[in-house]
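Chain IDs A, B, C and D follow the sequence of writing; residue 1 opens each chain.
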Amino acid sequence: MSNQSTPEIDLFATMALIRAFETRVAELYRDGEIPGFVHTSLGQEAVAAGIGGALREDDYVATTHRGHGHCLAHGMEVDGMMAELFARGEGICHGKGGSMHIADPRRGVLGANAIVGASLPLAVGAAMSSKHLGQGRVAVAFFGEGAVNQGAFHEAVNLAAIWNLPALLVCENNVYAEFTDSRTMARVPSVAERAAGYGIEAEVVDGNDVAAVHTLTAEAAGRCRDGRGPFLIEAETYRWHGHYEGDSQPYKPDAEAASWRERDPLEVSGARILASGEADGEALERIRDEAAARVEAAIERARSLPAPDPSEAYADIFGEAEVAA
Amino acid sequence: MSAETAVAPSRYIDALNEGMARAIEEDERVVLIGIDVGAGGGIFRVTKGLHERFGSERVIDAPISEMGYVGAAVGAAMTGLRPIVEIMFMDFVGVCMDPILNQAAKLRYMTAGALEIPIVFRMQTGAGKAAGAQHSQSLEAWFAHVPGLKVVMPATVADARDLLLASVRDPNPVVFVENRRLYGSKGDIDAEPLPLGKARVADAGSEVTVVTWGQMLRRCLEAAGEEGGPSLEVIDLRSLAPLDMETILASTRKTGRLLIVHEAVQDFGAGAEIAARVGDELFDELRTPVRRLGSPAVPMPFSPDLESALLPTSKAISAAARALVAEG
Amino acid sequence: MSAETAVAPSRYIDALNEGMARAIEEDERVVLIGIDVGAGGGIFRVTKGLHERFGSERVIDAPISEMGYVGAAVGAAMTGLRPIVEIMFMDFVGVCMDPILNQAAKLRYMTAGALEIPIVFRMQTGAGKAAGAQHSQSLEAWFAHVPGLKVVMPATVADARDLLLASVRDPNPVVFVENRRLYGSKGDIDAEPLPLGKARVADAGSEVTVVTWGQMLRRCLEAAGEEGGPSLEVIDLRSLAPLDMETILASTRKTGRLLIVHEAVQDFGAGAEIAARVGDELFDELRTPVRRLGSPAVPMPFSPDLESALLPTSKAISAAARALVAEG
Amino acid sequence: MSNQSTPEIDLFATMALIRAFETRVAELYRDGEIPGFVHTSLGQEAVAAGIGGALREDDYVATTHRGHGHCLAHGMEVDGMMAELFARGEGICHGKGGSMHIADPRRGVLGANAIVGASLPLAVGAAMSSKHLGQGRVAVAFFGEGAVNQGAFHEAVNLAAIWNLPALLVCENNVYAEFTDSRTMARVPSVAERAAGYGIEAEVVDGNDVAAVHTLTAEAAGRCRDGRGPFLIEAETYRWHGHYEGDSQPYKPDAEAASWRERDPLEVSGARILASGEADGEALERIRDEAAARVEAAIERARSLPAPDPSEAYADIFGEAEVAA
């Protein structure tokens, strides 16, 4: 993407792509070009990029309603994703999934999910498959700190622990669950601390520092692959936008929001790149411009595509049974 | 009851809000529990202002723990409170069915009446907004199949308030199904409220009886208003349990034809029960077969085009009605 | 297929066991997951010996975490395994409905077929053993109402094995409903297995078609065998989804009368869908109204006397059949 | 019950009653006089008696499928309970509940429950009522160590914590869940340790020492009443019989079972009573004989009672709605 590439520059590029993608998606949603519900992860790009960059191509990712970044960071195509958000027939899910259900199983992306907590048992199941079939694939479950209060979290983490599965449990702690400050919904707001009750290792990481996330993930994923069982990562971050696009966020203290914006993950990484001399400001600008251009092209393409053929509504409900043996 | 209101609410959503406000006001045992129903005013703003007005003792924000807080609400109902508990989307009963199915619906019976469980499970549905397969389901038939539950589906502004109040005052567990597509709908409220359990003739007619509920009521009324179409008697069922067969049978006897329209998947949906009963009880009086019009057996797709093609339209409703008249 | 068996199993429970053994044997992707299905051999001994035979990699004991292990099984099915996951009592779907309702049933569709979810949800029901209201429910109608699920209810020894095998080989999520009252029942197995989705004429007759499934099949056959009673054509439905209307319609055309019998609560039960469809499609051919016989809308009481009075008996079945013949 | 009574003698008497009750119930079930499913708590009597003896009469108790002891210890009538197990019309639940659903709400016993984990949210709700109505009543949730792996446990404990409710969470850790050694189903088998993740206090107690259970409960219930929030008690004990009556328990090591039987809660308490001189052996024998006699009388009565009137099947499904205001 950029002419000379280093690990951090690649991570920066991924973040730039997510930033460009969701910035435009938010606008397109506001303008009524994208239907349904849209939840953006603007401000949280370092988590997606840091994790995605440390995974193997064939690793599994199960995510949430806020999953665009995780999908892009795991290699999903911008064109197919954008077309899906536009509800086009050529969308990656033929217009039947949308933002809340975007998926690309061929790439190991088991999908966004509109049920809070559902990503955890599904990822644990993918980890079972990997272990059973000896594939050495890691299954990542993304979930928010609000999802930790779901029974599904509790049950799934325990299963991953007792079955010693290659499951990487990634909690994106962005402080809020919808309009609620999650610190008011648990006496022990630290998700990593709660992991102790399951006997699994966990670590807190600065979710706005892509390099830190990447380093921790590489190590944690390695542990999983070595058969040392599940690992929980709590990435501390913050969502810039509302819970859904259109949420005016009266519940957020201005100072809090401002202080987090000052730690823009792209700035944090960009500053380090400049300091290290890996690239100059121009190069970084170019990377962001290229990302923006790629997104713009995907938008133009999506706009030009037709809605799904009416027959799509009735396709893919059941698979054909093989002739009984 | 409307006499009590200075200014009657004009929108369905405001009527729900006023119904809850009144319930909380008139009975100190009533509490409202749900995710973001408090300070946040509700994800759809249905509970706006209630937290400010009644405080966090009466309007309680819950964590994302439906199994826990719905179950706790049932326990509270068993011990002296009268909770209104919100399940944000009907689809989410997938994570909290036990307290409804195995606790609230059965504990009065299993204790020979020693336990009373006055609770309202507010849940919201309504396809047609590209919310996708996990946020668009109408599962009222599930609850109607469970002995011990009442199932209420307000379709009008008046019922949004009055059926909610009746549900809170009811000593039994009530599944109260709001339709998000109606939140912005307007209507009058100054009629004497019909009791919970009675269906309402929303539009009188002579040729085809149309039984419906929820957001489909509007489309049925549109069909009834269609120029040159057959004369439809539209019945707003209002509740599936109790099921007001009297009103359905009386109208169908008169018209000799019955069409049942609902948003939910048609197969094994609530319309089947009504069709089966009428087909049995009016076997000799029906001029034509009882017909149903629901959504096809398809998970609701995200694409607005695909989605709207799956939901019964007023066109499809009047076509079905015309077909019946043509048949006999 | 029976050719493969040296000694065909003689009891329903053994047939289930053999079906699972074969499935595990023939496909290394098949795993069995559930509470005490392993070392313990199953709370009802249905999985006896499988753990010893196939080891804990294939036969997996789970903690009391249905939401977790059923959800994990769905995730495993999405990624290359073919799990058979046991929910000990059908009533317990109250704690694990989401992975069935919102995940397994919908993910193939939402991903435009990119995900395949070959999974069997084994669950057990069967009232009549004083197990009480939380351990006696038949909820097959719920699953049949959900697009994307197949719903299978074996009533014979042969089907216990063959439908289980067919379900495991099926590329779709299958809700497989075992009836505990049949576990000890005996029967032959050396017939060519009928494919999943086809109903079976269990007893030919000419005057009344009786459609049933699960433990009610026996009672319907008893009624059919009754001295001097009307001639009943008993159809073992075998699955609700797919629903074999062809067989039902063909028989009802012949007899002109249809009685549907099931253990589940009659109101809003699966019988209603069949009655509604037949009432519509055979409107001019039916000699009498379609009748249903299910349990009344009552939570199942503990008392064996009360309980047996609520379940349809062979007496009640033949009485209903006689009434139909008398009507026309 | 016994002529001279001391706190420990009363607890001993309660245990004797539970022992006598369930010993006979097991026999009656074996002989086919009691239908349905029956789960006994023989060997665990000290938990029920110790907790029950420290509660206020109007405190709430929500229990499990293994709840006879908890009911008796909270004052439920032997006659009504036995008649219910016999499925008689005069049973406490008119024969509609049975062993798995036995309840007496008038006494605060919200009932046994056949859904593992269900007792926790229900008790938390009762605690909400108590707090809301300012009643100072404590709500006790009994549950087994196996139930801790249910999402309902996780969600309910967290609710009790953040809402600071007067909920006493009592885990009877009897080692097994059905046929499974629960130590194999969690990496951290100590339920008390898992409580830390919710920020609530917890303590482990010898569940075969009725005095120890009683002392801890009195203090914990006091804390709840003082508005200091929920408390979790993990009582370590052992079930002598199978999961259900009829279970031959091949999964239990003989030595383990034997060593626990040596710590019979009645013997532990009896020895202390004798040592303290509060009563002599004869007096203790008399207490046990009286308990046995009381149970025998209840059995005779139950045998003589008729089945429920057929109309009972259709009663109590719905309550009559008051005339709408």
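Odds and ends about this structure:
The definition used in the following text is that a contact is a pair of C-beta atoms (placed from the backbone, for glycine too) under 8 Å apart; a residue touches a chain by one contact, two chains touch by 3 or more.
What you see is a predicted model; the values in this text were computed from it and never measured.
When the C-beta pairs in contact are tallied for B-D and for A-B, the bigger tally goes to B-D. Compared with chain D, the chain whose C-alpha mean position is the greatest distance off is A.
Taking the mean of the C-alpha atoms as each chain's centre, chain A and chain D sit 46 Å apart. Rounded to a whole number, the gap between the C-alpha centres of chain B and chain C is 30 angstrom. Here the spacing of chain B and chain D, counted between their Cα centres, is 40 Å. Distance from the chain A centre to the chain B centre is 36 Å, each centre being the mean of its Cα atoms.
Shown for chain C are the residues in touch with two or more other chains, namely 63, 65, 67-68, 91, 94-95, 98-99, 102, 109-110, 132-134, 147-148, 297-299, 301-302.
Residue positions 93, 96-97, 101, 113-115, 149-152, 154-155, 158, 162, 184-186, 312, 317 of chain A each touch two or more of the other chains. Interface of chain D with chain C (complex): residues 35-37, 87, 93, 95-98, 100-101, 113-117, 146-147, 149-152, 177-180, 184-186, 251, 307-308, 310, 312-314, 317. Those residues of chain A lying in contact with chain C across their complex are 60, 62, 92-94, 96-97, 101, 103-106, 110-111, 113-115, 118, 120-126, 128-130, 132-133, 139, 151-152, 154-156, 158-159, 162, 312, 315-322, 324-325. Looking at the complex, you find that chain C touches chain A at residues 1, 26, 29, 31, 57, 62-63, 65-81, 98-99, 102-103, 107-116, 147-148, 150, 165-166, 169-172, 193, 195-196. The touching residues of chain D, counted against chain A in their complex, run 149-155, 158, 161-162, 184-188, 193-200. Every residue of chain B that touches chain A in the complex is listed here, in rising order: 35-36, 39-41, 43, 61, 63-65, 67-68, 91-92, 94-95, 129-135, 296-299, 301-306, 309-310.
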